[in-house]
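Note that chain A is present in both complexes that follow, paired respectively with chain B and with chain C.
Showing the complex of A and B:
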């Protein structure tokens, strides 16, 4: 492909074999440029009279918010980093969930709704059985029902796609709004704590329904579920026949169809699993962290998960790594809101910018750019 | 049922559907060139914010509209650059840009939450200038699409960029500009939201309107005139919602708020042409009138 611009020829040549080094370099550059961009918009938002070092101070406050400062490390206080892990658990699980659907190019962006559906199912089980069942059967029941709820929410766009050819992007996104509104209605209406003195949410569950935590931190055993699911999906994607089918159907549906793969069945199956896994994130969030259904549950893990899944190229282990990076950004954004009174939307801007830079960078991973000045021939 | 009631009803429906119509038109122009644009919602939010902030500062809503167009043009420029020249995945790029612009709008809008500004003045029968622009643009887009050289070239690029290229129509140029112009029109929709329909600024005030617009693009078979029909339908839904809320019924507010999203799903399922996804390919897009090359890259040397 070539373009002419004034008297320069710009040529794009496809590289035979994109090297791992280039792609890592470009990813690092993407993070770097996103942080610079964030600094610029913090500067712009501060106006003229603001301290010229404000953006740098804000960025370092973000990192201190996520990792803690030296003083804390010396006192073996790892609170900040543990909060990053707390955010990483639902983010990773949701990202693993959407990656199943993306593997076959089914654009499920309903992870947020499926996450909330899982939270709802968990709360329903806990509210009804937390004084009846023992801890293990109760937690298992919560997990199962949240998987089922998520699978149902995930199945709706899949069925509409298979039966009627309806665009799944729009349907799965609309379902987010519907599920969140419905869950909030239940939490403030029929399920509201009658003795809550106007607290907007359900009652707190009894300890039977709590996922165990590590020591005094808020990091809960959902972390094992996260690691288990990453390994499971890695094995499925890499070694199972179904994982192969997903990949083929995602990259070339015609080839898959011609070799006898059932597209409809695979869409339904992928969405059951995708929705179910995302819902498990809702389970860990409720059973491990909030212990009640309340407002402000949907904070956007389902949306960040989409970025994480893509940037990791649907590789479960890379998803672990990238969720950690993104959790650092999210936790830093929260910290910035508390200390510097800067809106935490900055976290979303940085996430979006990273993905945009990576997408632009991909081009330079697979194409070589040659710029050549054309000689101007002078007529004498 | 008197005349006055019918008039106000019509007025509310038209006002409610204007921002949707503009967003749908913008999306149609972008998609007709063969590029899926999923950043409509974020772009719209960015337009709403720019229009509101500029109006607040300058006191002139028309200046606000102008700068909303510019800021949304800039956002779409990123999309255009990445999808046409850097060959990035259109769906992922759209989603990334959507999150990016939502974050940006909410970041800069933080100090304005809950404030109100100058309202866009009504110029005719209680309707403001953007309403007129929206409906004129819809007709104009239709005429341009099917009756002018530029429009036909654009459609050709959307159907088959390779053939268009062979005929001397530069697909890169058309795709690039279609997206920027489309984004600018989406920005007009955002401006109408924050200056006229619900004057003021609230975090994430589009409430998924951009996504409903994407649904309407499909519902209207990429036809600007059918888009008017679809948006009026949704204007009607907003009116019902508003009507029930002021009447005070037993229906909980949450269910009324769900209405637009539920209806989007229902409408899409009913009006979708029954194409089973055995092989999602050209035959499917022929049945739904979607541009054939929608969502596919065009690279000169590759097949």
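Showing the complex of A and C:
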């Protein structure tokens, strides 16, 4: 008698050069699956709603919130999408900031604090000089001081690392609380608007200190800074001596050291730039959007930026793209809260799942799965 | 246990590492697997050890087909491998390393229990290592023993050793071989151990192996009984070399007699006066050492590893601090360099080829190009208007790849995936490309095959004729005697003596060590 069995072998094999097509396809699949996962979460947290399509409705509400509906498009109303761009600007700039430090494997978790430090610097300049200086010098001064504030906040974990070998993750994370709470104290106390009738924040700056906006939207000229920084960092990473040093020190610091690179100097410099850039996001947010320093400024751009930088492999142009995707989710999250009466935090859940799915999908970018069926014949 | 590998094929990135390979291992034999770098020996054994899956082909144990999905499966079947880079936990003791991950330990135990188990077991196997010592305190030879002990404790019947002798001193090699022979001969029938020895050194193969299989370019060329070719040692070595290298043999010819001692210039290009250097454990590794290197000579430094060679070279290169900066001098081409940074020393023509290239000399996770650029990325060779020029760097890479016949999976692939010999060629290409004044080379040919070794020797000799001063450190006395103009013997951090070419003598050098 002959028995036949099918024996399945599943093997994983490393791909040499993963093609661009594969990685894009797998990324899209990852986003797709994370949305399905999100739908399940919505279903679970949706409570009593009996409609089985509720999760899909919620997701579509989310996208409508981000992109607007057909009706609006027909009327040339792009308000929703412009709100996505408004969120994308600080997110991108923070992600660009952390990517500088991550390039050399220095794990700066402090973008949120650096962002707030930039906002504080911007406000200080505006409050003191908005009636003294002209628009351009005022904006330049705001920008410079916010960069310096961010650099100082960034330097603290760097110096501790270089001098004492202290773990930068802990220091930069803890600094966030110090900077944020200190800034809130200032906004509540010394810098509080005396005529604000108890409003927790400074007075609104004079229009001299506003970044110009496009038309009637809230999209401000910070978008130019965002694009400029993306291009600048792309050039630095790819074509500059310093970018090369960062890359080598990030991958094999000992080899870099043996080749004459200065590790300490590079950590300090990277964190000056990293902190400075993240702080510029604070500048655009204050000067372009809120026009005053107030409570609740830190809404998590600095943390989402870590995910964006990571998911983009520290490529500045991919950072632009992923920031956009994440902003869609953040903006849609607001909508979710309004229409579907779901917690806004769902947006954060989706962000997290996208990261997990994309990272998991990475495995399939660099490995081929080979499934092989074998017939085994048993004779008896 | 008898092992048969049938028609094994395996490709990486479209290149065949193994192509239709058949291999048999009998019970109780020492079977040498011989071949150049990249011949596919390690790949084949990694397949047997469950680390790789073959694309095609089958594995049979005692006639029964098996499939290994992981090294753990292979270990369960009694097959274990000691890799070229050891898989020991440096901060744990020998006993902890041996017992790591084994079953049958109590939930709570004292370290003394562990040490007791391991010391009994090591006595039983007659492999002596102190179970209480931490692994980092051991010499490479002792670490090799721990690896073997680890496998034996897991009841391994088939030991695969990947290039075990590459890092061992002659004495340690002797001891290892005695251990292996004892393990193989002691058993009767079922309990005996078989050994596969991956190597490219023909001498030791003839000395120890029962059978020899020769591989070339992924294919099995021939399996010889050791006695078959043991007409006389010289004749068989020639035969093995022929099998290993095939038609390419002519390229290998090494002209070792072209060294003329009198060509050495009178002037020293490097003078080291009275330097002391500490090692990583803060112990004094180099003690008030003096050394002169002449322009246009190869100065060999002999000595057992760990006698201050690494520390000496790193101090000259500026990587390691000199202890007594004020009383000591390092003079390169009439210029005091002890206050210069690493980079400044590189710029004035000091080139260092470290022993641990993975750690010190290349970036394995990035493409080849980045390792080529590693030291010269800030020179006009690679820059246009202050920015790195793709065009220039690509050209330099291409030249190194062409000149040094670098073969690998491709330029976009991480450099760490190239074979060791090809990595070393790239490192050499980088260091010799510009005009160096002195070259400090630490074991640049370690683990490399004959062709690459002789290629590197010839490169260094060419540089020597151009007037470059070369310090060449090796533990292989034969290699040193072949290539050096003078040999300095280093021991316990000092130079014990310097021999001129006409005084070279193995015994003399051995005694000084």
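To be clear about the criterion, the second predicted complex is superposed on the first by the 355 of 380 C-alpha atoms of A that agree within 3 Å, B and C clash if a C-alpha of one lies under 4 Å from a C-alpha of the other, contacts with A are read in each partner's own complex, and residues count from 1 in each chain.
As a convention for this text, a contact is a pair of C-beta atoms (placed from the backbone, for glycine too) under 8 Å apart; a residue touches a chain by one contact, two chains touch by 3 or more.
Please read these numbers as outputs of a predicted model, since none were measured by experiment.
Undergrad: So in the superposed three-chain picture, is A:160 touching just chain B, just chain C, both, or none of them (first/second/both/neither)?
TA: first
Undergrad: Touch check for A:178: first (chain B), second (chain C), both, or neither?
TA: Once the two structures are laid over each other on A, A:178 reaches chain B alone.
Undergrad: Between chain B and chain C, pick out the one touching the greater number of residues of chain A.
TA: Chain A has more residues touched by B than by the other partner.
Undergrad: Contacts for A:241 in the overlay, against chain B (first) and chain C (second): which applies, first, second, both or neither?
TA: Second partner only, chain C.
Undergrad: Is A:331 in contact with chain B, with chain C, with both, or with neither (first, second, both, neither)?
TA: In the superposition, A:331 contacts neither chain B nor chain C.
Undergrad: For A:126, decide between first (touching chain B), second (touching chain C), both and neither.
TA: In the superposed model, A:126 contacts neither chain B nor chain C.
Undergrad: Given the touch rule stated above, what does A:255 touch, chain B (first), chain C (second), both, or neither?
TA: second
Undergrad: Where on chain A do chain B and chain C both make contact?
TA: Shared contact residues on chain A (touching chain B in one complex, chain C in the other): 254, 257.
Undergrad: Within their complex, state which residues of chain A touch chain C.
TA: 9, 11, 13-14, 16-17, 235, 238-241, 244-245, 247-248, 251-252, 254-262
Undergrad: So in the complex, which bits of chain C are touching chain A?
TA: Residues of chain C touching chain A: 12-14, 53, 67, 317, 319, 341-346, 352, 354, 359-366, 370, 373-375, 377-378, 383, 386-388, 409-410, 412-413.
Undergrad: Which bits of chain A are touching chain B when the two form their complex?
TA: Of all residues in chain A, those touching chain B are 1, 41, 45, 107, 109, 156, 160-167, 169-171, 173-175, 177-178, 181-182, 184-185, 189, 253-254, 257, 263-264, 267, 303-304, 306-307, 310, 342-343, 345-353, 355-356, 359-360, 362-363.
Undergrad: Touching residues of chain B toward chain A in the complex: what are they?
TA: 38, 78, 81-82, 85-89, 91-93, 95-108, 110, 203, 207-208, 211-212, 214-215, 218, 252, 254-255, 257-258, 261-262, 264-265, 268-269, 272-281, 284, 288, 299-301
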